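First the structure, then my questions, so here it is.
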């Protein structure tokens, strides 16, 4: 068969190691397959640039486009253009809005809402185990304002928590911008402000570890830290027993799933429209089952 | 011909030389590195180049006059986002419900008005308080961004109107709608700066503010007008872009100020004010978009793109400097 | 004249700045068709008074009467509207704009829709430039003009409106004799049109040539008005500085030492060619020439600011290359530059810091700057040069023009160089201080310094120099000894018509 | 300030005040260097990205060659970057805004290449003494504060008392006149960028030591905050004005605003708006006091 030319436009590669690892894994997976050639682009978080990249990929007549949307709705017209040019589009990591489903071949990625719910469950289970499920007070450090992933995780968490632990109060939420240092500052202020914090939920482990550092520096023990996207720092903190749990999500799986979906679509296989890969809970109890994350 | 337009055009030729270099380089490199069978200089690709330059380019025109005037505006990215929110948000407001597609011009007007007013607010503060524009707009970059988030929290504001999308994607005489707006903005601003009293006074103010004051030029209103114009253009850029894309994230437009300023300075406008040319800014905008496109064309990865963009900026400056050296007789300062 | 109403009248004007009472109850008036000189030492308050008149400063007390009406002018714009045109002491131009736009700055002719009426603008400008007999046209970028020509642009502004009164604040400070003639013609024609003219200058010969009356300010106070025809230089000076001037040439005859500086066939591109001359210890060499003659460029080359394209520089008989000003300073060369605002001073810095700037590296106590030593230097030269300032902490930008110039001179004198080059040293300096500076230059020579004086004022060159080098078009045309020089031969030498033997400079 | 105290009584709690100063230390140290650059009439927008670089490099080298060697190695590498910028701006006379903007991007690329895009963490966090710079105490004062204060005192003295400092003001105030006064402008600007990069390296050290692990974007966006602090302190973008002391004030104002707003617990976007208002009011009142008039005299 001819080689397949697959273009990908990622959201914002430089911003965290998840996305960088994703990019590397994607390139590695593509190189491993002699039938695939790829153009790997990064939108740098800018919708306008991403749309321009879509147009460029269409103009370069690639066979398929994978997009990690910077904005699940803004890219729909660009996706439609690809669709009209008979280029199948695969959405990766975070989905586009429903209006655009008609123009998309498949979505491949994690389910961020479910991730948020699962974090709530991890946190609640731990409170129950410690017997404080009726009085616990928690704070949330969310991801960068405006990012779908940040929004969905927060939503999943906030919706699920009252269902499983109705008496736990979420006292305040502030964004940590996916940034460990920023999150540490936010947590420092929380610690000054609230004498009683039993749990911290952060949108990813990077921020979670920042919060953990703040708590350690202030000498506040006994706080339950739960995150998402288990980074290696988070994994290590769990090994040390300082950090309770997270969601295991591998950018390598994410990247390989997206590429495989594209290949499947191009070779005419039937693929499910929503192609979630599993992102299980990871806590100090079961972490032995998981490899340490590479990022 | 307005004074010096042609000669400054030639003197600031570095940017056009650089564009030429980019074209040649990416064409040749593309032969070896690109996956695509299409040439880099393919007509469609060049048409896309203009279209894709529009969001930054339209704002850059406003930034040029602000900088010629001796000020700077760091809040354009935030104004861009607010205007986009007003544009898309207002289309779904219940009070406009019965209007059908007539809501479009209304929303456009509202968005443009918003931009102009936010610009006016900046201008008014700069004028009346005497605080440096850098600080005022650094502040409003943050403050306006706060307003963006107030409208819809962290949620994107969306309204996909296919009539609008079709209009924005249309091509007239081969050029895309955004290209037309970019060209119109460029022409209008060129005319303003080279043909009108306001434009010439703006140059004088940026060049030697004391002299302008002594000559009886009212500095405040001129600055204010320019801030209104850049606000308007930031909104116009948003209107053009979001008509097509239909959804705005609250952090859209972040870092636009830096890209815009880069384009303007690449075009030879002085940060200290008083000198600058609209056409060269146009060149600066094209050069940046060409660079992004070219690097994508040859498939450079993220770290390379960052590295190369940075080094190229420095290289262009260096080239420009070499071109402008008057010779060995020059004073060594 | 006396029964007419004055074009302009000032009554009891008071203006204070922090630490300075710049104007203290000043009253005077200007008749239509009169050229009225305003004189006073540096810092006496002349510019301040005119700025009050021009709407740039607001008086603390007193009133301004134009025609019959008392007026309040909150803005320069309003002064202009009242027919008061102000030609500034410091150039007030936008260098990036064209000559025409600068002349009509703030009042560009308009068409509909706020468009500039370029045709009218250029036509009017060309007419004005015609009258001024200058060699540039309306479309030239002002930044490309020499200082003298920029000054002419400034002067051209006086001709743009139907003025009631025109204020010239030291217009000739950076003009050479050729342009002065033109300026005086302009003033005469304004006078003929019945415009009242206020003329500020430190040059007595001009004052006596063109003015009708002279008003004198001293330390911000009005000292009286004299009829020019009925007074003498001595009287005016007496009124200004409160004593008589000693104009005799001090300490002129002393032994000359060895050759300090020798320049052989020095060239720099098209700026100047094959310049050869020597300066001996104890000698003052004057450079005289028209604008663009290349005197400044030679000085800049000697100071390491330009790369010579050929020739040799010998200091104490040793051939040297001067790489940079720092290098020049370390080799004992100092330059008092011609443009004090751009080249001489950091306007936002205080007086002391400006004065000690070139030697701040040497004034150390441990790792720090020795403030005591600095203040000592400042005090020494403040007294020596009679610098008027409330104290060393004053920001230089707030000093009067002449006092700024003195700071620059003090800065380089305090370096105690071997070779001191002064470029237009007395530009904007009052008569008293001027003769002090002349004496100082002579004194320095007597102490054994080698001094080069570049000046566009013939009396000055004649007064201070042991030898005079005349330049024309980038070439040295002739060298005069103090005894052989006459005004006529000097004028011939600088206009390229002297000495058939000298090679004629190529037109460039 | 009063508002914050009323809104949350813990604002003036010594622990909180100490905390704010400590977390401002990183920003503050960088601002010290940028003050030199700004006074000399230039800009430095690369400090954030350079700080990420320093942090990543020292963390990486920590495990490879040990902290004792890693620290000087990181300083050397950061100073090289500073020297490069200094060369471009000082000797080649390129526009500093664009050069440093370009370097912002280029150094980010360099960092990504260096780290392979991964987070960088010290493997044995318990067993290293490296944490002392960010977490340690000396005589009850946190080391970051101590470093900040020492560096501020040192650089403050350099700027206000030494010939070098005097020349920085001169070059920023009027570069041409400074050259005419025999100041080697290129060398001086070069030195300012070296100082700036030294400060950045120190900030990177504190940052790395504080969290013993970090990400490629740790310094992202700090350049504007640093600049805001410097300007808030009264330095002029035109050069020639500003002091280290005022910069420290600017840093603290910014730090306390951020902390105060967090303590009040406003929505983050309300914080944005309030920060905007406070910054403009602060600068406005400052210059209004200087000119003795509330409204600007601009016609």
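Letters A, B, C and D mark the chains as written, and numbering starts fresh at 1 in each.
Quick note on the criterion: a contact is a pair of C-beta atoms (placed from the backbone, for glycine too) under 8 Å apart; a residue touches a chain by one contact, two chains touch by 3 or more.
Everything numeric here is computed off the predicted structure, so don't read it as measured data.
Trainee: Could you tell me which chains are in contact with chain A and with chain C alike?
Mentor: Joint contacts, listed by label: B, D.
Trainee: Name the chain whose C-alpha centroid is most distant from the C-alpha centroid of chain D.
Mentor: C
Trainee: How many angstrom lie between the CA centroids of chain A and chain B, rounded to a whole number?
Mentor: It comes to 33 Å between the two C-alpha centres.
Trainee: Between chain B and chain C, what is the separation of their C-alpha centroids in Å?
Mentor: About 44 Å, centre to centre.
Trainee: How many angstrom between the C-alpha centroids of chain D and chain B?
Mentor: For chain B versus chain D, the centre distance works out to 29 Å.
Trainee: Name the residues of chain D that each touch 2 or more other chains.
Mentor: Expected reply: 108, 112, 117, 176, 179, 268-269, 299.
Trainee: I need the residues of chain C touching at least two other chains; which ones are they?
Mentor: 75, 77, 305, 324, in rising order.
Trainee: Enumerate the residues of chain A that touch no fewer than two other chains.
Mentor: As it turns out, chain A has residues touching two or more other chains at 13-14, 20, 23, 145.
Trainee: Okay, what are all the chain pairs that touch?
Mentor: Contact pairs between chains: A-B, A-D, B-C, B-D, C-D.
Trainee: Report the residues of chain C in contact with chain B in the complex, numbered from low to high.
Mentor: Interface residues on chain C, with respect to chain B: 54, 56, 75-81, 86, 88, 92-98, 100-101, 105-108, 110, 113-116, 118, 139, 141, 268-271, 300, 304-307, 309, 324.
Trainee: So in the complex, the part of chain A that touches chain B is made up of which residues?
Mentor: 5, 10, 13-14, 20, 23, 27, 37-42, 45-49, 51-53, 55-56, 59-62, 70-78, 81, 97, 99, 142, 144-147, 150-151
Trainee: Chain B touches which residues of chain D in the complex?
Mentor: 45, 88, 92-95, 97-99, 101-110, 112-113, 117, 175-176, 179, 185, 224, 227-228, 231-232, 236-238, 267-273, 275-277, 279-280, 283-284, 287-288, 291, 295-299
Trainee: In their complex, what parts of chain C are in touch with chain D?
Mentor: Those in contact with chain D are residues 75, 77, 303, 305, 324-326, 328-330, 335, 337, 342-349, 353, 357-358, 360-361, 363-364, 367-369, 411.
Trainee: Which residues of chain B touch chain A in the complex?
Mentor: Touching chain A: residues 34-38, 42, 44-45, 48, 51-52, 55-56, 149, 154-156, 158, 160, 165, 169, 241-242, 244-252, 254-255, 289, 292-293, 296-297, 299, 301-303, 305-306 of chain B.
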